[in-house]
Structure formats: C-alpha cells, structure tokens
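Can you keep this structure in mind? I'll have questions shortly.
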Amino acid sequence: MENFFNIKLSFLFDPLSIFFIFTILAVCLASGVYSIGYLKGKHSSGKITYNWFLFIIFIASMLIVVTVSNAIVFLIAWEIMSLVSYFLVIFDHKEPKSIQAGAIYLIMTHIGTAFITAGFLMMHKYANSFDFISLKEACIAMPSDVKNVVFLFLLVGFGTKSGIVPLHIWLPYAHPQAPSHISSIMSGVMIKTGIYGIIRFIIFILGVDSIWWGVLVLILAGISCLVGVIYALMEHDIKKLLAYHSVENIGIILLGVGCSMVFLELNMPSLAVFSLIAGLYHLINHAVFKGLLFLCAGSVYSATGTRDIEKMGGLIKKMPITAFAFLIGAMAISALPPLNGFVSEWLTLQAFFVASLTGYMAGLKIFFGLCAAMLALTGGLAAACFVKAFGMIFLAMPRSGKIEDAVEAALSMKIAMLFLVFLTFALGLGAGIMFKLLAVVASCSTGINIGAMNFGLNNFMIMPGAVSSISLSTPLIALILGVIIIGVYLGLGNNKSRKYSTWDCGYYKLEPRNEYTATGFSKPFRIAFNFFLLPYRKVEKLRGSLYYIKSFKYETFTTPVFKKYIYYPLIGAVLHTAKFMRRLQPGSIHVYISYIFITILMLIIFMNRF
Amino acid sequence: MNIFCILIVPVVLAVLPAVIKRPKTLGVLNAVGYLLVLLGFSWFILKATLPVSFFKLFYIDSLSAFFIFTISIVTFATALFSIDYIERDVTSLLISRNRARAYYTLFNLFSLSMFLVPMATNLAMVWVAIEMTTLTSAFLVGFYNTKASVEAAWKYIIICSVGIIFALFGTIIFYYAASNVGVKSLNWLDMVSAGKGMDKNLIKIAFLFILVGYGTKAGLAPMHTWLPDAHSQAISPISALLSGVLLKIAIYAILRFAVITNKCVGVEFSSKLFVMFGLVSLGISAGFIIIQKHMKRLLAYHSIEHMGIISLGLGFGGVIGAYGALFHVLNHAVTKSLMFFGAANIIKKYKKDNMNMIKGVISSMPFTGVMFILGMFSLIGMPPFSIFFSELLILMAGFGKGLYLASGLYLFFIVIIFGAVLYHFSNVLFGCKPIDMAVEKECTSVKITFVFLFILMTALGIAMPGFLNRILMSSIAILQGV
Amino acid sequence: MYIFLIGIIIMAYSMVTAKRMMSLIASFRIQSVFLFLATLFMAMKEKSPELYIVAGLLLLLKVILIPNFLSNIVKKLKMNEGIGMFLNPLVSLLIAVFLTYLSYMFTTRIIAFKAEAQVISFAVSLSVTMIGLFIMIFRMKALSQVIGFLVMENGLFLAASALAGGMPFFVEIAIFMDVFVSVIIFGMFIYKINKLFTHIDVSKLNTLRR
Amino acid sequence: MQIAKSNLQNSTVTIHVETLFIIIIAPLVSGIITKIKNNLRMRKGQVIFQPYHNLIKLFYKEEVISENTSWIFRITPFIVLASVILAALLAPVFTIMPYAGHIGDFLLIIFILALGRFFLALAGLDAGSSFGGMGSSREMFLSSLAEPAAILSIFAVSLNAGTTNLGVIFGLHDIKLSSIIAGFSLLMVAIAETSRIPIDNQETHLELTMIHEAMVLEYSGRSLAFIELASHIKQIVFFSLIANILFPAVILGGNIIFNIAVYIIGILGISAAVGFIEVSVAKMRLFRAVDFLAFSFVLGLAAVVISVMGA
C-alpha cells in the first residue's frame, strides 16, 4: 500500500507553515487554559479527560495539516481533524440539536474532502507522486483546462471547510453546539486551515493560471462578507452571531488572497505580496479576536445559562472583566483603530486602492472600487452588529431573571481572555513588525523575491514603499488618542455630577420592558435588506371580544435563502429518486428472477459493445 | 500438510454436536478450532512457498491463499462471537438446545464449503462448492423458522440457484471452448494455458454467463435482490459470514474466469463489465441506504455498495486497482463483520430492528456503542482505518486510467452513502437511552471479538504487514496472467 | 438422435402449457427419459463406460427418485390444484416458441458452430434452459419453481453432453449429487413454507421488500 | 529615512497649527449655518457666536448621570472628542502636506470617526431608555450605509491623484469632472454624518424623528459640551475635505495667504449650500434616507467610472 502512495512522513517548515503554527498555538493555548475553568463542575471528570484527549488530537491534527509536505498525509490529517472536531461538536451527545449539527458539519466537510481528493488525484496523475515539491513541478506542465478544473475542485473543497457562501451553512450549526473553547478553536483556527489549503495548493503549488480565478475568488469573498454580516445582524443567539461573523471575516481574508491572485496573474509582484500580506494579517487577527469573542460568549453562557441576547443586559456590572474583553474584541472586529482588525482592513482597502491606481484594465479598476465599497459597507454593518451585541448583553438593565445570579468567570477563564486581549493590542500596535514578518511569509508562498521591495522600513509604521508612498502608524494613533483622552480627562474631567434615574418620559418607572430590543435594533437593517432576507411576521392576537385584545404576540422571521433555494431542493431531489428506486424491490421472487434473465439477455444483445 | 487441518477441523467440529450436548462447550470448542485454523494457515502462508497443489484436487496459489486467509479470520471471529450469542438465545428460550447444536453443525458445514471453494483446482468443483455454500447457509438463513426468515431463505436459495445455473452454463461453454483447442479438462491452469487460442465469441458469452451467475451470488446489482433479505433475516453471526466472506468467494470464482477471459479477449472486455456492474451496484445501494429503516438491511445494502467498489477496482484494473480491490475484500470482511456483531448486540438489547425506535446506544451499551461508531467511520471510509486506503487506491486507479466520469460517480455515491449512513447511525447511537434500560455489560468473548476485529481494521490502515503485501502482489501477478 | 431432442423440447412445451402440478411432474419425468435415452445413444456411439454410468445415474435420479419425491410432496400437501399462472397456457406457449427461436438465432448468429448437429443440440438445450427459467418466473407455486430449476438443469446437462460430449466423469457425478441434494432441500423448505403460510404460493411471499 | 523623519517633524508642526485653527472655528461654522438658515427664513436669528455661548454654558452646568449607566457612558465623551480631534489632525486644511500620511491617510479619517460613533452608540444604549437605543440603531444604520459612498468618492479622487496620500491628493493641479462629482457625493455623506436635514434634524427633539439627538439624550453638562464640540469639529472636518476637493487650494501656486482665503471661501460656500438645503428640503423618513444615501453611492460610482474614463 505504502509503495503506491509512497508515503514519506516529510514535513515542510517554510514561513507559511510556521505562521500557521503560531496562529494555531496562540489560540489553542488560550482556549486550553480557558477550558480548565469552563468545564469544571459542568461535566464529570471522565468527560473532561475525554475532552482533553480529543483536544490534543485536534491540535495535533491541525498542526500536521499545516506542516506536512505529502498530499496523502495531508488528506489523512485533514480527515482526522474533521472527525475529531465532529466528536467535539457532539460533545453533549444527548442533545438532539448537537447530533444534527454534527451530522450536517461532517457531511458538508466530507463533500469538501471529496472535491479535494479529486483535485489531488488529478494533480497526481501528472506528478506520479504526492510530494508537494514534485506536484509543484508537475503543475507547470499541466494543460490549462485541467488546471482550471483542479482549481475549481480545490476551491470548493477548501471553501467548504472555511465556509465561504454558499457552502457556509454548517458553521451556524456546528459552532454554537460545540463547547465554547472548542468553537473558539474551530472558528478561530480550524476554518483557517481551508485558507491555508487555498494558499498552499492553489497559489503555491498549482500556480495562478488565468485572471478569472482571482476575480472569482474576489466575487465569492465579497458575497461571503455581505451575507455573513447581514445574517449576523439578524441573529440573536450570541454564538450563532459570532459564527456568521466568521463567514464575513473569511470573506475579508479571501478578498486579500483573491486580490493577490489577480496580481500574480497580471505579474505585479509587489502588489501581489502586499495584498497577500493584508489577507494573512486579517487571518491571524481574526483568529485572535474571534477566539476571544467566543471565549467571552462562553463565559456569558456559563454565567447566565442562555445564549439569547434578548434575555441579557447589564452584565457589565456583574462581570466587568468579561465585558472589557468582549468590548476589545468587538472593537477589533469592527475595525476600530488602533486595534488589529483595523490594520488589516486598512491594508485590504489600500490593496484595492493601490491596485486600481497602478492597474491598467478599466474594468478591473471599477471592480476593485466596488470591492472596496463592499468592504466598507461590511465594516459599517459589522460595527452596527457589535454595538447591538455588546449593548444588549452588557449594557442597560437586565432583561430577564437569568441575569440576577450571574457571576464573573473563573480565574483561568479570565486569564485566557486577557491573554487574547493582550494579543489583540499587540497585533494592533506592533503592526509595523508584523507587516515585515508577513512580507516574508507572503513572499515565500507566492515565490516572489521581496529583496528589491522595501517593505516596512520602520518598526512603528507600515510603509509599503514598494506600492505607495502612504504609511500607517498605529502606535502614533494610539499615542495621540491616549494623550488627548487622558489630557482632557485630567484637565476638564472632574465635574460635579449627581446620579438620577433615566428620563422615563413621565412613565411611572422605567422597566426592562421599555428597553430597546435586539430585534428593534436590527429592524432598519431587516427592512433595508428585505430583498435578500425576505422577512415575514407572525402575529397572534388573543381576542377577548371584537374590540378587546387580551394578548398580542408578534414574531418576525427571515427566510434562510440558501437553505430554501439550494440545499432543500437538492436533498429533496435525492430523496425523491431514492423513493422512486424503492419500487425496484417489490419483494416478489418472480420479479427478481426476471431481473437476472433480463440482465443476461441485455448483456448478450450488447455483447459486442464491450 | 497442515493445509488439511483447515478441512479436517470443520469436519470434526461438524460431527461434534452429535456427542457433546452443551451448547456452550460446543461454542468454545468451535472457537478454539477456528483459532487453530487461523494460526495454522497464517503459519502456512508464512512458511510455505506458493503455489502448492495436492494430488490434482487442491491447488493453492497466492490468490486462493489470500481468500482462505480472509475466510479464516472471519470464521474465527464469528465462532468466537457465536458462543455468547447462541448461549443467550438458548437461555432466553428463543431456540432449543438441539437447534443450538444443529447451528454448530450447519455453521461448520457452511465454513467447510467456503474453505473448499478457493482450494479446488477444478472449476466445476468450484461451482459445486459454491452451490454447497448456498444449500448449507439456506438453513442458517431460515434458522428461526419465522415467516420472514423462511421467506428470505426461499428467495435466497432459489435466486442463487438460478444464478448458479447460469454460472454452470458459462462453465460448460468455457469447457467446450477449451476442448475445441484440445484441452479436455476443467483444470484452471490448463485452461489458462489454453486461454490464448480459444474462440473469442464463445469466451465472451461464457464470461457473461459467469459474471451474471456468480454475480448473483456476489450480490452485484441488479442480481442483488436476495441479499438484503437473507442478511437481515439470517441469525446475526451468520449475516457476518454471509456478507463478510460468502460474497467475496463468488468474486473469487469470477476472478478465476476473468483471468482466462483476459488472456483470450483482452482486458478491456471484462474491465468494462466490472466498471458497469460496480457503478450500478453503487447507485442502487446508495438509493436504498438513504431510505432504509432497518439496521441489518442497511448493513446489507452497504455490503452491496462495497461489492460494487470491489468490482470497480477490478474494472479500473492496473496493479493499483487490483491491489485496492483485493485489499478492500479483506478490509470489508473485517469491518463488516464487526458492524454486524455490533448490530446483533444492539438488536438483542433493544429487541427491535427499526432504527427510528433505537436511541442512545452509546449510553445504554458503552463498549458496543464505541466499537460500533468506530466501525461505522471505518465503513464509510474515514482514516486511519483501512477501508479509507483501499477506496483511495481504487479511486487513484480510476483517475490514473483517466476514467473521470466513472471515478466522479464513484465519489458522488460514496459521499451520498456517507451522509446517509452517518445520519441513520448517529441518530441510533446518540441521544437519550430509554429510562428503564440498564447499562449493558458485554461478556469477555464478545469483547475479545470486537477488539480483535478493531485491531485488525486499524492496524491494516496504519501499516501493511509484509507477508500480506507479498501475497497481494503475487495474486495481482496471477490476475494479470503472468 | 434428433428424435430425443425433439422429444425433450416438446416436453418442455407441454410443461409450459401444463395446468396441474401432477402433469407438470409427469412431463418432467418424460423429458428426463428422453434425456436418458439421448445419453444412452451417445454412450453406445462412443462406447465409453463413463457415459453408461452417467446415463444410469440419470435414470435413477431424474426419472425415478426426484419425480417420485416431488409427487410425494404433492400428495402430502394435497395441492394438485392449478400451479398458479401469471400467463395463460396459450401466451406462455407462444413465448416459449419465441424463446426457442431466439436461442436458435443466438446459436447460429453469435456462436457460429461448424457441425449442424451441434447447432441443433445447443439450440435445444439453450431453449430448454430458457423455458425452465420462464417456468420459474411465470408460475406462482414453489413446487413449479423447483421443477423449473430442474428443467434448466436438464437443459444444461444436454448442453454439456451435446457440446463437449459430457463433462469429466467425476464432475458429472458431483453435479448430480449436488442437484439431488438441492432438490431435497427445496422440498424441506416447501414443507416449511406450507407449515408456516398454509400455502406454497411464493408470489404471496412479499413481506420483505425494499 | 532621515528625510522622512525631518519632514515628519515640520509637517506635524503645520498640522498642529491648522488643527488648532479648525478646532477653534468649528462652532463658528455651525453658528454661521444657523444664521444663514434664519436669514433665509426671513428671521433675524441668533448671533453667529451662539454655539460658543452654548458650549460655555453647558461646560459649567451640573451633570446628571443615569444610575443604570456604566463606565462606558462616562468615557464616551472623551473618546468621541479624541477621535474627532485626531480626524482634524489628518484633515487637509490649507497647506499642501507632502507627508501628511505618516500617521495614516484619507481612509484613517473614516475609521477614526467610526471609533467615536461606535462608543456614542454604546452610550446611547447604556442608559436603558428606549430613545437611546432607537438613536443608536438608526445612527449605525445610516452611517453603515454612508460609508461605501464615502469610500467610493474618495476612491475616485485618489484615482485622479494617483495616490491615497492626502498631501498629494490635494496637491493635484487641475479640477476634474470626476472630482467634482465625488465632492458632491461626499457632501451628501457629510449631510448624513452631521445629522442635518433631510436626514436628521438638529433643532428638534421630536421623539420619533431624532437620530443623533436621541443618542445623546441622556448627556448633560460638561459631557454634553464635549459631544457638541465633537460634532462641530466633525462637521468642519468633512467640510474641509469637501472644500479641498471642490476648491483645490493650490490652483495658482502655493501662496499660503491665498490658500487660506480660498479655504475660507470654500467653507463658507459649503455652509451656505448646507443651510440652503436645510431650509428648502423637508426631512425624509428613515427609509427614504436609504434612497438618499444610495443616490450618493451612485454618484460616487459615477465619479469612479468617469475618472477611469480619464475625465
């Protein structure tokens, strides 16, 4: 067997791999520490050991995936990763929802794997080896139509794992059901292995062959951004909301990657490197702050026992550390300076700008402009979404009794969250250094020598000198903001003030019921995007008499477009065929014998066709 | 000469029930006997230089050695599992002690006939032996004498006999073709040597008859119809034997003829047929697995799928494809018997076969549950288990040969079946168990069985033992007719 | 020689048209007799002792033992009523004739034999086999299926002896034994079915489906 | 490297001077606009220095803080103020700043303003009154829709300039059609961002139409003063962006006095325009505002297309 696969357990520690190793380890360290406090008391000790067992395998498999240099071993590790994460999704295996979620997740990811396998085998046909280097060499000689097919297969395969629209449907099922520290790994790191696959196999090994690859990736990425954030806005289950934001952020990462694919084809090396840097930067940023947010969500969940943000509120007083951590995470993901999310989105926008400045195709220029606009819209919506999330969870008065006995998270959980907060700041303020490091990564994965391009001369500011004269310095921004805030506060901050209840419009007293709800908050967006969300409402009136309504219940829903118009029809078709085929086996022995007769007859008649 | 212990042991064990009355003792002796067979044969293939032949009646080359090895593994596991199973049937008054003894007799006759198939030199003898397997196992299918089981048995025996008649017809035509070129014998070696000169048309027709005939036995769609009934109604250890070995034996017979055919009319003919039957089997099994409600029937259809995969591998051909197919034979035998034993335990525990009514197996019977879920993942082709690799090899062969459409369909059906099986079984395994149900404590022999099979299916995935590799390679050489 | 072949095919037709179990068995017996005669003829022609023995066995098993056994079953189960037809005798007969024609075409077109004797005998044996299959498919009762099986087997035997002058000796013996045993087992199952279902109409055995 | 540093220093000096200037005159602009509006309505109207009076008055007033609120509510005014001041630092006024992009560039202004808005919205939710929530929701809604339009118009301008570097952009020596269109699209964005009719109305506190005012409803005293000042500054930042696009300061040589004159004229012109719009247009419903912003988006897109065409 081995002699056919010529499996040599060889590893490849180029900058790309090392970058991913660091990303994985950072997040996994945090969530590992977190899980100590998170699982204690919730589960039996046996269950906890089981969790650790899976946890270790999970991390190991991810590390193998990003370091191994043999396609078959990659495939094996990939499958094991999916399998282990499946077991972690159904960690609470008595809950029907998690069973369903796990099934959906594993099936989707297995479909992806099928595509990946097909792609690999097509490459293998030309390379006669599964070693990355020989694959890379073989791909040079590959005919371009085969290349296109392989590209599509790999894109679908890895896209399923990383959850680009419309293959994203498993995320909102799987992420909420897994234990929070696992969902932070899954959303923070695991889906990034898909991006790794895209960079490694499409950019590094296959090599970009024609311009529509990059454009296709960009379009998919843009759609993912918008769809993800719009669904997130409609979502009131905190972990589902975060899951949809993963879809959005994967989109942003892919914007960078796709951009660089376009430039590789147009051979503008410096731009290709620059936009790949943007993508990679957002990748690690998202890993950090999404991990952070999921951990915070986890501690909120374990404190209140609910994931519905409509039932929360006022938690900032009960659990200040968590609130602070969540705030930082929210700021980072809404791309507010000087935090890390801002840097990477700024870089991506820069990539588009500079691209269209130096690009020479009119169509591409306009396309990039639209991409930039889409990214801006996404950023705005994301900010809105996190204002909603933070406001509903932590601010104002508690909206339900569940909040009363909430307490701050355990020590280990706090440590984990603060560690990630620290990373968020570090990645934001150390942008200059990160930029330089990522330049090396990008150059290795695109195979472009950046010696000539003076990327990042300065440690305190990003100066993509090769592509444009502008520069960005997050430390300086932080400094100025800090100076102004502290200055103003010290100078003019102390003022006589007194406490009094909120203005209640002359109502007896202000109750939680008067507060603005998440549904209300997201209503303008629901109406503005109704062409896509197709919202509908359910109104239940309980009439005492014709004129008197005892109780009035109003619910609003949005149509899950992709499920309704893509997945349900597909599944329906398969089931229908199966039901039809059932007739083939009526249970009558005579029919069965006649099958044999007919088969032999047909075979003899068409004998000479074979 | 220890090769004869393989034949002697079943004979002895078959007559043993006449003297020993206690089912348990019988079961233990049975298990010990088959352990001896397994060890003896492994020793044989490690030491002896193949091929060996005994006074023109028995001829064992690597191909048959490989199949005998598979049979001995599964029979041993089944014997071990039967001890407790039959014991519990007896204690729960499902069957009388005499029926239990009859079971052991039939079991041994069945396995004897199966051992005979790969050993026989003479192709007509192969035919006779296969017919014997049908006749002996028919009683085991109808073992419980319920309406359903007798119906299943009748369908099984009739359909297989019809198929087998076709096979005999094919054999006769082969014989005729051989005698035309002056080889008046049904001896495989002679026929192969005569293969070149035979009349192409005759051989083609003959091979069609063989394929349909033995294909009926091997459960290739659309002649598979007996299979789900028989597998689901048979007494559970026997379902493992049926699906694990019986089908493979028919494949073995087909292979023997395929070699001659390839010699005569070239590889294209048989490989096209194999691919066609493989795809049809895959498609049909996929359709039926999706809507399946009964656990053992689902497993049965799953066997059809795997026979399809094997035949695809043979069709894709080349060293890789053949290797994958043969390797898959072994893997499927091991894994599928594990699954059937698990299903047997579950059905015994829950007293029902309908998967909609079974929930929370993991909590109600932890050991079986864990083994079952691992077996399931092995069965639907997840690494690090062995089936993943054989399926991958076959796929590789398909792509290598440039049969993109066939390989694509193959992948497609595999994925569909993956989804369906996962969906069905995850609902069975997880969830809350019935409140009043006690947690099961499996007895040692059962545990040993499971662990034995589990180790095999994992170890084969992780590393290929050298002697097995050697045997497979030389059997492929035989298949390629060198 | 042709006499016997014609006799065999005629008997096959009569089986197709037979309405009652007993007549079915009887015509099977006669067909076996023809087969026996054919073998004997060949034995005399080739003067091979083996063929004599084969013929003897044929006489013993197919002419005497098996038909008796079957008719015993019929008597015991008191079911000498109709054998349950999906198609009425006339249509069945037409189909049978068509099958014969088909097998003749098959023999002449696809396997181009040289000797005419072979053509005829092979065509006859093939058509007998087909007719046996036809009986298995279009007759409802379990017993009729058994007889269909036997008819197919007769066809094969004829094919074997006609084409290759009979299989190797011990193979013939083994096949005979095999057929005999299988018929016995069929019989036992027929008893079982009758016990459990109180009829042997296998077309009603369709609880196991999909 | 050295050069970069030295330039950094002298440019930061100029930046500081200008920044102080626009921070000081920021309320004045609001006052002027109000004056213009009043005059257009045939009223006498308050003196143009009224905003300063308001600020000072608020500055010494006692502050009432809702007991539901958290520290978010307290730090928000400072963050908002800081963010707009930083934006003002970045904003081009009347000098060509060859290295103005050392802290950041054009895009940074948008991100910085987003920072302030984010906290303001949180503060709006913090008090737990339904108005605050409504205000934050609508504010985030409108701004998120406004952002793409802003980006596109900036995109067009920088396409003309060939860079996103502020100094270079506003050093561009000829007015192109696309720049003018982009300027108008940016003007519409500015109207939305500075909460003026037809999107919002600063004057009324009519419950259901408030957007910006609703958000800051709970603030009083000094914090309110900070927030008001912040919104003045934000407004002038936008105005000076537009002024520099529509009336590039350096059409004829880099004479600083001339530049200042042009700049002031530009600001006054824009204020007049805004005032005129405010009196002549009725306030739109929230979901008409979507169309308004969509129109500005389309304008921006048109600007991009035209500048790609090369006009």
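Some notes on this structure:
Letters A, B, C and D mark the chains as written, and numbering starts fresh at 1 in each.
Criterion: a contact is a pair of C-beta atoms (placed from the backbone, for glycine too) under 8 Å apart; a residue touches a chain by one contact, two chains touch by 3 or more.
Just so it is clear, the model here is predicted, and its values are computed rather than measured.
Least step count on the touch graph, chain C to chain D: 2. If you compare A-D with A-B, the chain pair joined by more contacting C-beta pairs is A-D. In terms of their C-alpha centroids, the spacing between chain A and chain D amounts to 34 Å.
Between chain A and chain B the centroid-to-centroid distance comes to 45 Å (mean Cα coordinates, whole Å).
Centroids built from CA atoms put chain D at 78 Å from chain B. Put simply, the C-alpha centre of chain A and that of chain C have 70 angstrom between them.
Of all residues in chain A, those touching 2 or more other chains are 582, 585, 589, 593, 604, 607, listed in ascending order. Within chain B, contacts with two or more other chains are made by residues 154-155, 158, 162, 205, 228, 288, 291. Residues of chain C in contact with two or more other chains: 110, 133, 136, 145, 202, 205, 207-208, 210. By the definition of touch given earlier, these chain pairs are in contact: A-B, A-C, A-D, B-C. Interface residues of chain C, counted against chain A in their complex, comprise 86, 106, 110, 133, 136-138, 140, 145, 202-203, 205-210. Of all residues in chain C, only 110-112, 129, 133, 136, 142, 145, 149, 152-153, 156, 159-160, 163-164, 167-168, 171, 174-175, 178, 181-182, 185-186, 189, 192-193, 196-197, 202, 205, 207-208, 210 touch chain B in the complex they form. Residues 154-155, 158-159, 162-163, 166, 204-205, 208-209, 211-212, 216, 222-223, 225-226, 228, 268-269, 272-273, 284, 286-288, 290-291, 320, 323, 327, 360, 362-363, 377, 382-384, 388-389, 392-393, 395-396, 399-400, 402, 407-408, 411-412, 414-416, 418-419, 422-423, 426-427, 429-432, 463-464, 469 of chain B touch chain A in their complex. Note for the complex: chain B touches chain C at residues 122, 124-125, 127-128, 131-132, 134-135, 138-139, 142, 145-148, 150-155, 157-158, 161-162, 165, 168-169, 172-173, 175-176, 179, 184-186, 199, 201-202, 205, 228-229, 232-233, 288, 291.
Within the complex, the chain D residues that touch chain A are 1, 59, 62-68, 70-72, 75, 78-79, 81-83, 85-86, 89, 101-105, 107-108, 110-112, 114-115, 117-118, 121-122, 125-130, 132-134, 136-138, 140-141, 143-152, 155-156, 158-159, 162-165, 168, 207, 217-218, 221-222, 226, 286-287, 290, 297, 300-301, 304-305, 308-309.
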